[in-house]
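Quick heads-up: structures coming right below.
Paired with chain B in one complex and with chain C in the other, chain A is shared by the two complexes that follow.
Our next item is the complex of A and B:
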């Protein structure tokens, strides 16, 4: 409908106000079903959570909820467990995001180089793990990682290497990141591949005629033209990585010694094991603010100059 | 999963609800319902929630189906949810007045649910005309469901820790019978551990569930966790420190147990690479699936000066605020489950009723009856409303000590300080 209006208005060159208003209205009408769901299931709970974060509400206690202002926020900022959990989250983000992007880009470039007929097969192969639920993937990898009886150490045994995959506080998060790479790299691969295929081939042909080698073409044609896709992938990955929970919960349960207990797990435990709803809501909002801040900074930094 | 490995209060081996098992759970009683309505009288529907998502769930369904068939005026609908999320659901349902009529709680959770006024006391029903003999429960178990002079549930079983051992490895090491005390236990573990050149390939013992294992030893040393009035945590009691040191020594000094990993250490026992493990009776069903494993069960050896062993109980609870026909039907169902808990035991549990444990049928269950010998001295986790926070601190302290990143004293000092901070916070809210 909207498209029809537009194409009808354009040939005349004179856009009257009325169709434009009609266009806007119909646009909003199209959006309405989504907006209602978005509002009811996302915005309202979010605001409810914000209100909740200002109360002390221990669901188990028969004492009614009490307004304590920013008390929950100051408790979080003064809690060693909060900072430890945040630290674990950061370690995951710093390791997982760059590796996922690099590996995703590498695989996408590789797939683009094979004949088109076979691309679909590779794309599907790399995307397949993404379709597995975190429960199954986590369970599987926990067995792979088991240092005494697991697959990886059995494979490494002939070399005389025994990696403490999940038993060492330094290694555990690395192991989670390795599993995450396998599990999630398919998403960026598919998006990068789509981005690569959008780059007109005559740019490359022209550059090749001018004597540019493969790396130069990648560096000066592919990468700049991939920028919008890159911005999208980086931001989505950072947002996702900050909310890491399923992998650590399944593979390490936060251990050893809480070294992989990420913030979302701590929030989950606070809310659903200890029923401290206000405190959990406050920590959720701190995480939200952090993610929002990072995302805005990235948009600014990566936006086309 | 997580709760499984970190909270001994919930069993392991029940990893996830398969969709089909879940649907069957809902559908079976419903299928029976039309047949029951023939009686013409009004039917009472009861919802029964539990976390029995493993083989135990099938056993429970069978019992419920029989109850439904024998009681045409009652229709019990079973809903099974994995323990890891069960309490969240139950709690939220209860909070908004939609709690099921009958549900299972672990005894360690009775206090917090009773304080939140979710539970109907069962004292009048027990002593009523269709009651139960409360003396048929072991006193130490019966007292676990009591809060402020009232009892808030009917214990169904005692899931107790015991020592599983690999008979074949015992034979190879020339050990005739499972060790029952400290010196014999240590001697056996030394003989059962093999460290050839390429590294150890057989361990005498493995810590599968850190807290239930170490808690057992701590209780055997007579360690306290709280002052009498629960006003202060005293977890860094010298006896607890000594008990924890014993456990650390099994790994570091004696080298008869591997450093703690995760629950998957249990796989080592299943594979026959580990000779003994302290695990719950609920792991029996898992073991019985290993046809090649020749295993036995025995009481946990007495390592400290007092006999003690970790346990918990599944307890049948009634929703607060029921009355009339609904309450009567719910009670009839609870009573039926209790009276038929030998069927429950057959699936890898130990019934709480003394009279049932004296039957020939129970004696014919070797592992169950071996573990059941420990019931007179079972030790439940301390009853505090902040039970998960307490368990997390205990777990972390044990983990640090066993992994060698803190001394037992340091680890327990830290945990004690943290739990005392929780007590201070909790006392402010009242």
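Our next item is the complex of A and C:
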């Protein structure tokens, strides 16, 4: 097919319209399978959920859904339970995200400094925990954290320390974050490592010849070249952290005193324990607005500097 | 004299560099062991009799036994663990294949083809990266109900193909492939699909393997989806099965641990096999430099 037309058309779009339109149409065929799934299972539910959030609807009752405008939203914003769940979510995000990024970068830099033939081995070791299902991971760590017969307090006992890992409102979320670091840092490690390995080694060699020390090279070569990867990892991590659910659900069930009941758990309980679909949809949209706001702010912040 | 001194400082800096490298590797190795310890703990504790499990004495069992495993595997009527395993493998594999297929095609079109309106299409798709999965939970449940897919594997496979993560990842990766390679292939008479199939995909093995693993693990680990979309115990995935275990067999740690090992072991082995393919593909993509 039109080899010449393709290259001629590249800069100025000089080719005739008819074949161009045909090519564009067939080009959409590449996009189509994804767009169908995207439409049916992402865009449609998104709008459906938005509509649902304006109704009072108990899925189990025979009372039909009733339009109440922004009633669900004002109920959420005036509810102490909503704010408590939001606060728990924030505490998780603020602790888990920076620690995951820092630790992930640190581990990746460490692995990259190791001789190449052993890098895959270490990468696998740090990545393995991410393969554990949350129910298994939760079971294990709930047990490690148990203050009476748990592993951690057994190890700390000779020092005379007894930490209320899951029974204290201040400690419970920290414990969940510790478990989360173990469970999820492998993803960022793999991505950072791939990014580090893409940086051509002669950049470092040239800088070293110019007398730059290790930290200077990291600061002025590695970090700037890693920026696209960093933006990607940070944003995905924030989005993921706001959606935390499995860990808290399995380890603390939201306790003690609801100190670890995060927003998603509250939404889940509202929808599938109390069947208040409209209210659950409204709270989901509030969570979405929050995440969208944070992500946009981050894109701006990380791009500009 | 001077030459000697230069040589001496050269040798000491080399010495220091080697020492530092050794120190770094030591820390990396220590961290790796700490990360593996909980997994090791799971495997070893599943071999302990109940009495030893409850009172922790040492990592290694004093009286190792397979009785926990025998009990878990020996009663497929009561504990359909093989069924759960097959469900998990099927769902994760199909979802991964679906994602790799539709995402690579879409990402190629968005990164390379000259389509009117692709800019805002891409913006729309990437914009949904911020959509938390939970916001979709209730409406997707209602849509799946309408389609009659609730309580079937389809409920977990097909919606997985709608995620924007893979399109974004592959799009960024495709942009980094030098255009002249594709142009050369086009000059050699390669059609558009040929360029995609023979040039772009082979050069993207790293990204595809990465996306494949992330998708597989994500679907395998998914807890909220099966929790909401599946109903009958026969349709459960492994995580759901284990969760059920913890409620109904809660006192029997031994059984729960054995089931957890059986749930974890195959994935770990599959990953270690997959790992080789990734390493190889990384070596292959060295071509892009």
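Convention: the second predicted complex is superposed on the first by the 276 of 305 C-alpha atoms of A that agree within 3 Å, B and C clash if a C-alpha of one lies under 4 Å from a C-alpha of the other, contacts with A are read in each partner's own complex, and residues count from 1 in each chain.
Quick note on the criterion: a residue touches a chain if its C-beta (ideal position, glycine included) is under 8 Å from a C-beta of that chain, and two chains touch if they have at least 3 such contacts.
Source: prediction; values computed, not measured.
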item	value
Chain B versus chain C as contact partner of A:267, first or second or both or neither	second
Chain B versus chain C as contact partner of A:255, first or second or both or neither	first
First (chain B), second (chain C), both or neither touched by A:149	both
Touching partner for A:107 - first (chain B), second (chain C), both, neither	second
Partner chain(s) touched by A:48 [first = chain B, second = chain C, both, neither]	second
Partner chain in contact with A:135 - chain B first, chain C second, else both or neither	both
Touched partner set for A:206, first chain B, second chain C, both or neither	neither
Chain B versus chain C as contact partner of A:167, first or second or both or neither	first
Partner chain(s) touched by A:242 [first = chain B, second = chain C, both, neither]	second
Between chain B and chain C, more extensive residue contact with chain A	C
Touching both chain C and chain B, counted on chain A across the two superposed complexes	135, 139, 149, 249-250, 272
Contacting residues of chain C [partner chain A, same complex]	21, 24-25, 27-29, 31-33, 35-36, 38-39, 41-42, 54-56, 101-103, 105-106, 108-110, 113-116, 118, 121, 125, 128-140, 142-143, 158-159, 161-165, 167, 172, 183, 186-187, 189, 191-192, 196, 206, 210, 214, 217, 220-221, 223-224, 228, 238-240, 242-243, 246, 256-257, 260, 263-264, 267-268, 271-272, 275, 278-279, 282, 289
Partner chain B, residues of chain A touching it in the complex	56, 58-63, 135, 139, 142-143, 146-150, 162, 166-167, 169, 249-250, 252-258, 269, 272-275
Touching residues (chain side chain A, partner chain C) in the complex	1, 3, 6-7, 9, 23-24, 26-28, 30-31, 33-35, 37-38, 40-46, 48-49, 52, 107, 110-111, 113-115, 118, 120, 122, 124-136, 139-141, 144, 149, 151, 154, 182, 187, 190-191, 194, 197, 200, 228, 232, 235-236, 239, 242-243, 245-246, 249-250, 264, 267-268, 271-272, 277, 280-281, 284-285, 287-288, 291-292, 295
Touching residues (chain side chain B, partner chain A) in the complex	1-3, 5-6, 15-16, 87-88, 91, 95, 112, 115-117, 199, 258-262, 264-265, 267-268, 271, 273, 385-386, 388-389, 392, 396, 399-400, 403, 405, 429-430
